[in-house]
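There's a structure below that I have some questions on.
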């Protein structure tokens, strides 16, 4: 039986889910009956999924199955596409984020995101990291200095860039750029970090570095990562959700998914029989 | 041994044979093939000849002009009295007129054009953008003579209500109207620059909790800066070269002044005045036409070079 | 449009009479052969005379010679002479002053004969703003002091102490114009104008400037005043015998406004007239009809004998 | 240690959001400004001119009497001008574009011509007027006739056609020309049979836009010299002429002579704008109708 | 031992190869020590290959190995790229085509080409097929009619289009378009037909049709086909060349290549171990 059916949730006073009663683990995100359409295109179908605190949750599945769409729904970036329609509910820390009254800017300061292609701003390394704190009103240079250092250290890139903080971020290699983007995301001290195939544009060595970093980050942050590298999911995640055609086929402990999947399609996918 | 097999025997038509046969007669095709590049090259050089023609006509008469009027007198003279018994040919009144009218135009066109670009590129939905952009383009397609009429018969009277002491012909009104005319140019070039900033940049900033304004201010505008600045420079160049609006709405006083309520003449309007008076060739005033035109040409040429330099040199790499 | 019935009739006649079964629609022209002319007549010169000549030209084309094109431009008297006094120059040059000796010399040099035709009398009119209630009557000397470089007048109060203490804004047509030269030579006795005089190429600009500026005062031909009486008022000039209002009655060689009255001319290239029957025909038409149209365009007509003399002279050219 | 104080972030959030919505409103108003001016301009022109537009005005001859003045001469002048401008710019413009896109090696000559064309695009129209006056009117002694005006205008709008044609040619997929070469077609055959037909809509769009620019231009013609009163209709490219914008110019100037001339100018503007609007609509229709399908 | 080393060639009087003495088969193309560079990029290295008459020769290999480059060299289309430099020799029917004196237009009328993506001209079906004959000077409408019909029949598409010859070719389905392109190529009665992945943009059904067509065409034409569908190569070709990094690793009878390759790399590729 898949995890999504096993969950037994404690609710907060407003009716939002907070705790998995079975495991006593805190729930960060709970998705209930989520459906999403791009125009007429039904991209997500009845998604039910609980994401736990300080864990790495991997989302795998073949191309076009809705992985990116789902993860972008979690910080409402998906709504930048004008044709999107959503039904169902996602609660973050017990509050429904699909509610109109929930400010996206607020949500996104708590939920950081790292993209498939590194996308540093065309500014200096320092300004890239300081961007987030600055827009939130932190102007004090000393404090900014500290934030920048801490975030770059947190993203395991400090030693490589500490002498060139004022150089343009585009002078960095792809792997460094990606870690810089992670640092940029850490600078606003998020609660959750969403990662959409963060290593797919990187070479194996850089990929390894980022994977190690994710392992470190998990101590402080909850991480949701999309990947279509099965090995990667197996290496770094605690839980894995397998998406297919917009549906969650199976969601469980990563060990279970990779060693003993309960659905035939999951097995087929993992053993490389399609996708 | 004959390599080409005759496998298509028994066919009603033997294309291969026909082709072979026609080939011998197709010298015409070969001739065309040979001369076409040369013909086209000749055509392509017409644009170069045009430039040479412009330079040559302007230069030769300008040189004659400077043999009559010292170079320094022309560029430092504050009095322009070309038709007078004791003519004086100081170009400064025209230069100030030109620069002041262009500056006024840019005061209108830069903020409004840029904000329009921001709205279209960052805020407007696809549908609205597709509706508004062509409408703005209409503004760019209106003949300048119509703007001149508009400035003279509509904007000036309104401004005179608001600003006491504004002359019936003044540089302010045509400046403003020129600005309006340039808005679409600034808006559409800036919008192009801003839309070509990759979406990943926008998403990156939004994902950090930025508002759209912050994304625009801190990420999009800096990234699109070169294109935006280039659009300003091109706008100035356009304003400098604009003729009919100033001619109609600013009169032909050759005041050397910085008072925008006064009538001033621009280089372009001077050319119109002198040429509609049809200066007899050979007179100094006739040559002054070319000297002023040369100055104008150099001005706009430098502006265009600058615009191109900016957009190439400072193109962000993302 | 009104006159269209007429037009059509004329058109028809002309189309039917391809060769020579013509009867002249009007009987002023005596010879049948001339009523079927074609070609073009080019008229340039004075802006003051333009309204009169354009009306005559139009009448000629509408009722007399459908196939002759009379083009009228108005570069200004002096500029017009520039185009007239060259080989293959214009056929007529309108002038609001008499031809100068050096200009006659140019014609001689170019090898053609020029015939002077007075066409009407014009009064140099000074116009002020409708709201100006103090300068409605001025003496000749006072007027001159406003424009004379040595007049010592910059404010109204410099003229008479009871006038307002405000800067006068003197204006006039620029040096392209015969009106300017008449003013400069005949009124100011070739003394310079004040430095701050605002000289314009277009009379319309002057009309606008004065109509919108209480302190403005400009001079130009009576016709431009007549057509803008609703926007401007004329200064009554005291030549020593009390103020005289410029009007068709007072403008005349011996009438009260005489000191500011000037004849206006058109100059005919006689060689062109001999070579091109349509030029001569139009000249005759002008001579025959000019008095009829003078009044409606703001000119005082000439004595009939004077006009008849031109008709005779022109007939002699045939 | 936490540097980012959630409470502070929360507090700032509201003012940031408010700033954003205010800015959005200002941006929208700026966008509307241009459109409002456009509306005012059109309204003004219409209210002054529309009642003056009738068949007699459109088909009548020019006159100094406002009530019987017509603009057929100016309309025909504009048309004849196009008779010169259209073929000349098309030939030179498309020829140049073909040369640049299909024949010229990327190198000195190519970038020289290309740079030259973009520079020409920035030369003020009045300078072209001086060129036309000096070369066509005087040196070639054509006088101020349609041919001289048309050639001047053709050079003026040439860059528009070149750039549009270049873009259109570049947009023709390489696979089409490859297919043609693959059948043994020569270069010119490929250009003539494949590339030009496929690029035609883009080229036509550019040509129409260049024509509408030429129709609206005044300054070069002022320099060349157009008579203030010219009544007969032009019958060919060797005739003298006037065009709609010149008529607007003179009537605007002379509105101080006869007040109704302002209405005539406005009515002529209406006609000119309608012509331009029609031309642009045709361009849009062509662009949409023949939008690439490959 | 690979075929390229087994060949024993008879030469014509000008020194061009014409006949494989071992098999007594006519040689259409003989490639000798061909090297090709795109600028500095060495795209083809020492290619030696003989192509036989009325056979289907398949060229397989991983992406970027030079398949398209090689086949485009055979009709000198590759020289449309300005930076290309070539050394070595290719003879077609005994004449060196790399020779300056060999007119490309001539070569290309004898050697037709079908591209990866169907690329009909934006003209009517009729005009598409008549294009080739027309540029070669055939103007007579009756003759053109016959050519068009014959070519469309030859490309097995006559029945589908005979009632809509004057409609635009873009109204056809992808598979029909590709057969139309083949018909267009047949219209000038080529000797050889080059095909660069002609079915890779088609659905399985259309692919099958084209494959059947190739089988038919082989009776009259020599066909060289690039494909990265191994099954396809196995199904339709007589000989197969395996390219890797710009080199011919192995060239032999298709049976041999697929059942008993002599090179380890060929085997790896065919069994899907890389590429």
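By letter and in written order, the chains are A, B, C, D and E; residue numbering begins at 1 in each of them.
Rule of thumb we're sticking to: a contact is a pair of C-beta atoms (placed from the backbone, for glycine too) under 8 Å apart; a residue touches a chain by one contact, two chains touch by 3 or more.
It should be emphasised that the depicted structure is a prediction, and the values quoted were computed from it without experimental measurement.
**Student:** Can you list every chain that touches chain B and also touches chain E?
**Tutor:** D
**Student:** For chain A and chain B, which third chains touch each of them?
**Tutor:** A chain counts here if it touches both chain A and chain B, which gives D.
**Student:** Angle of the rotation mapping chain A onto its copy chain E, from a C-alpha fit, rounded to a multiple of 5 degrees, please.
**Tutor:** 180
**Student:** Quick one: which pair of chains has the most contacts?
**Tutor:** More C-beta pairs are in contact between B-D than between any other chains.
**Student:** Name the chain whose C-alpha centroid is farthest from the C-alpha centroid of chain A.
**Tutor:** C
**Student:** Centroid from C-alpha atoms only, then distance chain A to chain E, rounded to Å. What do you get?
**Tutor:** That pair's centroid distance is 48 Å.
**Student:** Could you state the distance in Å from the CA-based centre of chain B to that of chain D?
**Tutor:** 13
**Student:** Nearest whole angstrom, what separates the Cα centre of chain A from the Cα centre of chain C?
**Tutor:** Going by mean C-alpha positions, chain A sits 86 Å from chain C.
**Student:** What are the residue numbers in chain B that touch two or more other chains?
**Tutor:** Residues 29, 211, 214, 276, 278 of chain B touch two or more partner chains.
**Student:** If you look at chain E, which of its residues touch at least two other chains?
**Tutor:** Each of 106, 109, 136, 188 in chain E touches at least two other chains.
**Student:** Could you check chain D for residues that touch two or more other chains and list them?
**Tutor:** Within chain D, residues 16-17, 186, 189, 225, 252-253 contact more than one other chain.
**Student:** By the document's touch rule, what are all the touching chain pairs in this structure?
**Tutor:** Listed by label, chains in contact pair as A-B, A-D, B-C, B-D, B-E, C-D, D-E.
**Student:** Per the contact definition, I'd like the list of chain A residues that touch chain D in the complex.
**Tutor:** For this pair, the touching residues of chain A are 103, 105-106, 109, 133, 135-138, 143, 146-147, 150, 187-189.
**Student:** Can you check the complex and tell me which residues of chain D touch chain E?
**Tutor:** Chain D residues touching chain E: 105-106, 173, 175-176, 178-186, 189, 193-194, 197-198, 293-294.
**Student:** What part of chain B is in contact with chain D in the complex they form?
**Tutor:** Listed in rising order, the residues of chain B that touch chain D are 29, 32-33, 36-37, 39-41, 43-48, 50-51, 53-54, 57-58, 61, 111-112, 115-116, 118-120, 123-124, 132, 134-136, 138-139, 141-150, 152-154, 180, 183-184, 187, 211-214, 234, 237, 240-244, 247-248, 268, 271-272, 275-276, 278, 281, 289-290, 293, 296-297, 300-301, 303-305, 308.
**Student:** Spell out the residues on chain E that touch chain D in their complex, using ranges where they run on.
**Tutor:** Going by the criterion above, the answer is residues 75, 77, 80, 82, 104-109, 112-113, 115, 117, 119-123, 131-132, 135-136, 170, 181, 184-185, 188.
**Student:** Spell out the part of chain C that touches chain B in their complex, as residue ranges.
**Tutor:** For this pair, the touching residues of chain C are 44, 75-76, 79-80, 82-83, 86, 174-176, 192, 198-202, 205, 208-209, 211-213.
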